[in-house]
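Below are two complexes that have chain A in common, paired first with chain B and then with chain C.
Up next, the complex of A and B:
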């Protein structure tokens, strides 16, 4: 695995905070390959809440297909990085 | 669904597989559109083919116009979008009303049914949503007909994804290998076995030559199993045909009777409908409401969105109060399950394996009971 750049690291740390807040688990650990299957309770119902929290945190906006089409946390991280430019 | 038991259909399907898998200069999507028109015209009625072509062209023209005017005039775009969206919606409502209350026979009804058949209507909604968001290209007219009226998914789905259908043109041509062909044929044969032997054989064994009647819990449980084998068998055949044709065709059933909750049931039963609802209704509605009201209202919004979406699924099946109540009930049950699961996951004892296993067993029994009761409620009326 390649070391993360500063920007990626900042995004990841903020993402981790959002995940812990949404899933009400202060010990929750995620990485780029984490998917909905890996976190109990991450279903379509919670997914939207998670994505809106991410939007609020990073000041970005996703479209419906971006929200519905994410494969894992790594893809979400890349999407945010792309939107932040 | 009996068309899949028609030898003419299979002869045409075989010809289509050869035509789809042969190296030709035409894009795969266009080729499939033309083939779908031919199959429907020969196996059903040429008037249906003509109507499909007209509908495809009308939807294409509307969406093309939106693409052209999008940058220049937002007012014109909105008007086109409303026209493309409300014209099929209006005809769909008319069709459902005639189906429920009127004379559901004759040429006018056949034309109306072709125009607004439930699955076609849902595909039209998807293509409008995806293309009007301007991120995905609009297929050419004949290719769009192939997406809206795929001959092997026309009667009872599954609901194909527009973005997946587009990808057919991006893939490099490759011949059908023997292994792929064997897998496809195996799926078709499995589907036929489910449909003919388990569904129809079982039905004849239980009800004989009489019509299916839902008068007791046992009847309801057996009809539930019958529909699984009938609809599931048909879906497996479509899935196999899709693999042979090289046309993206989603899987529609995945052991639904093993579902441990109503929410899971809808991820295993008629999967492509559940996915369609998630893509085109639930996510867009929930996202907009949560953005507007704030994430502190996410749970309320989620519950509301679930109930609204499943009420929609109910009336999509049939326009009557029973299906509406059924849909609202399913949505409300799913919302309750989400809340119960959220409480459950916060308890440390919920991580005990033996307890999880016990909950799973109870969940499977509960889901089968609840879903059978729900289906019994709506089928009772239609079998009377």
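Up next, the complex of A and C:
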């Protein structure tokens, strides 16, 4: 795995905090390849809650297709980075 | 325009046709006289050949073009044996998928929808149970077909569009025959003079309490009755732009296709990435008619996508598949101020939807803060009965029974279940067969019905009908123990939000094993049935009759607030 740049690291750490809050699990671990299948309880309702929290945390707005088309956490991280410029 | 006639030949298909009890066959024999449901589409082709029938990802297919694609499918089916009536379709949201539906119907055969995203084991169960030996796919199908065919014993014929690459499949499965549907080229295929109906229009599999999906054959007369009602009640016009929200494996998807096409309107297929949050799609595609499950409203609200007047072009909004909370209906009415909002209700056995209620702002008619399911469609009757099947007094709760031309004949090769669910009611006309829904309802003083819940362990999650026993079966396999039960966790309004698997603690410790068990369930069940969580419990108590006690488990889970 390549070392993350500072900005990527900052995004990842904030993202991890959001995930832990939403899934009510202080020990939750995620990485770029984590998908909805890896975290019990990640259904469509929780996914939408997660996206709202991410929008609030990073001050970004997702497109409808982006919310429904994410493959894994890595894609979400890239999407946030792209929006933050 | 060529005349479209129907030659009824039901049951002449060499033993493959559905055979409920003979007395029921006699009672219902007069129902097999309707024209093919393909006729409405064919009339639209002749009347509006250049109008858009289908819009997928911005690509438009006209009625004339879709008709030609359908005829190419029918042409591909020409050489198969007469008694191969059931035809599987493993394709979704593609032009080929819709052409396959129409092409199968044009030949008088029965289509059996299979969802390529479902676990192969479930599709195999459906394929075996249906008896289908012909499968039609689209360009995306080869991967799903590879998994599906892995364990199929009988020789099958697989039809794929020319662009699909299936050389590897043909090599891997030499026993099956793979055929490329002919390119249209510059051929001009003609509609047959007669559209036969050798069997039901479609065979829809729903969750079954025995642990395997059960088939509901819906004949042309059933679907024709629905389409006649929909024509009058919803009044779609050729310039309507209609959502294609539902999968073909969901019977509400039949509404999307046939209600739209009998009106000459355009079916705008919602792409998979927009199903969760379709606000932009509704606006950009300028939809005038929307039809989905109510939980879409909840998700749009949560994402902040439902400000007032979001969808000014919508003129008709229909919701079905699960209870419609009043707060959701109100939010939709504000977001789509020019739209009528209707709550529909109906089990697959009663063909798509059979009761309706028109929502009005500041609705006061409610039980449990959800909209009424209303009154039956024209030519249908409802009865609310007690355990002895005797009608209860107005205002008393009971089981909802349904009667009329949309009521199907019974379950696919399951006369015992058919006898239990399709019944004669005491005191009613002895020629009328009623379907027992298993839904608890109450009628108010105006005769409007209100849904109260289920009498058994069936639940609705995100619009999908689920028998918890079918999840139990998968859960037991995944956990390697008989002491496992699935429980539905509901929100304050009684809507199911999560399915939680409960396994008696023992060898299944740790979070890793929870994920492993969930993934095993994923190989056996469609996504919407997979438990969101699997928790370990120290014990599952038993009912006085010795069964594992789901109700007390549900109560304890509800109290612990397992849901996120």
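Everything that follows uses one rule, which is that the second predicted complex is superposed on the first by the 85 of 85 C-alpha atoms of A that agree within 3 Å, B and C clash if a C-alpha of one lies under 4 Å from a C-alpha of the other, contacts with A are read in each partner's own complex, and residues count from 1 in each chain.
In the analysis below, a contact is a pair of C-beta atoms (placed from the backbone, for glycine too) under 8 Å apart; a residue touches a chain by one contact, two chains touch by 3 or more.
Just so it is clear, the structure is predicted and the values come from calculations on it, not from any experiment.
Engineer: With both complexes superposed on chain A, which partner does A:24 reach: first (chain B), second (chain C), both or neither?
Structural biologist: Touch status of A:24: both partners.
Engineer: Can A:65 be said to touch chain B (first), chain C (second), both, or neither?
Structural biologist: After superposition on chain A, A:65 lies in contact with both partners, chain B and chain C.
Engineer: One more residue to check, A:38. First (chain B), second (chain C), both or neither?
Structural biologist: second
Engineer: Please work out whether A:48 is in contact with chain B alone, chain C alone, both, or neither, and reply first, second, both or neither.
Structural biologist: The answer is both, since A:48 touches chain B and chain C.
Engineer: Give one of first, second, both or neither to describe whether A:56 is in contact with chain B, with chain C, with both, or with none.
Structural biologist: Touch partner of A:56: chain B, not chain C.
Engineer: Touching chain B and also chain C: which chain A residues?
Structural biologist: Residues 24, 40-41, 43-45, 47-49, 51-52, 63-65, 67-68, which sit in both footprints.
Engineer: Any idea which chain A residues touch chain B in the complex?
Structural biologist: Listed in rising order, the residues are 24, 40-41, 43-45, 47-49, 51-53, 55-56, 63-65, 67-68.
Engineer: For a test of understanding, state which residues of chain A touch chain C in their complex under the given definition.
Structural biologist: 22-24, 37-38, 40-49, 51-52, 63-65, 67-69
Engineer: In their shared complex, at which residues does chain B touch chain A?
Structural biologist: Going through chain B, the ones touching chain A are 129-130, 133, 135, 163, 263, 278-279, 282-284, 286-287, 290-291, 295, 298, 302, 306, 338, 341-342, 345-346.
Engineer: Considering only the defined contacts, which chain C positions touch chain A in the complex?
Structural biologist: 271-281, 295, 298-299, 302-305, 462, 497-498, 511, 514-515, 518-519, 522, 532-534, 564
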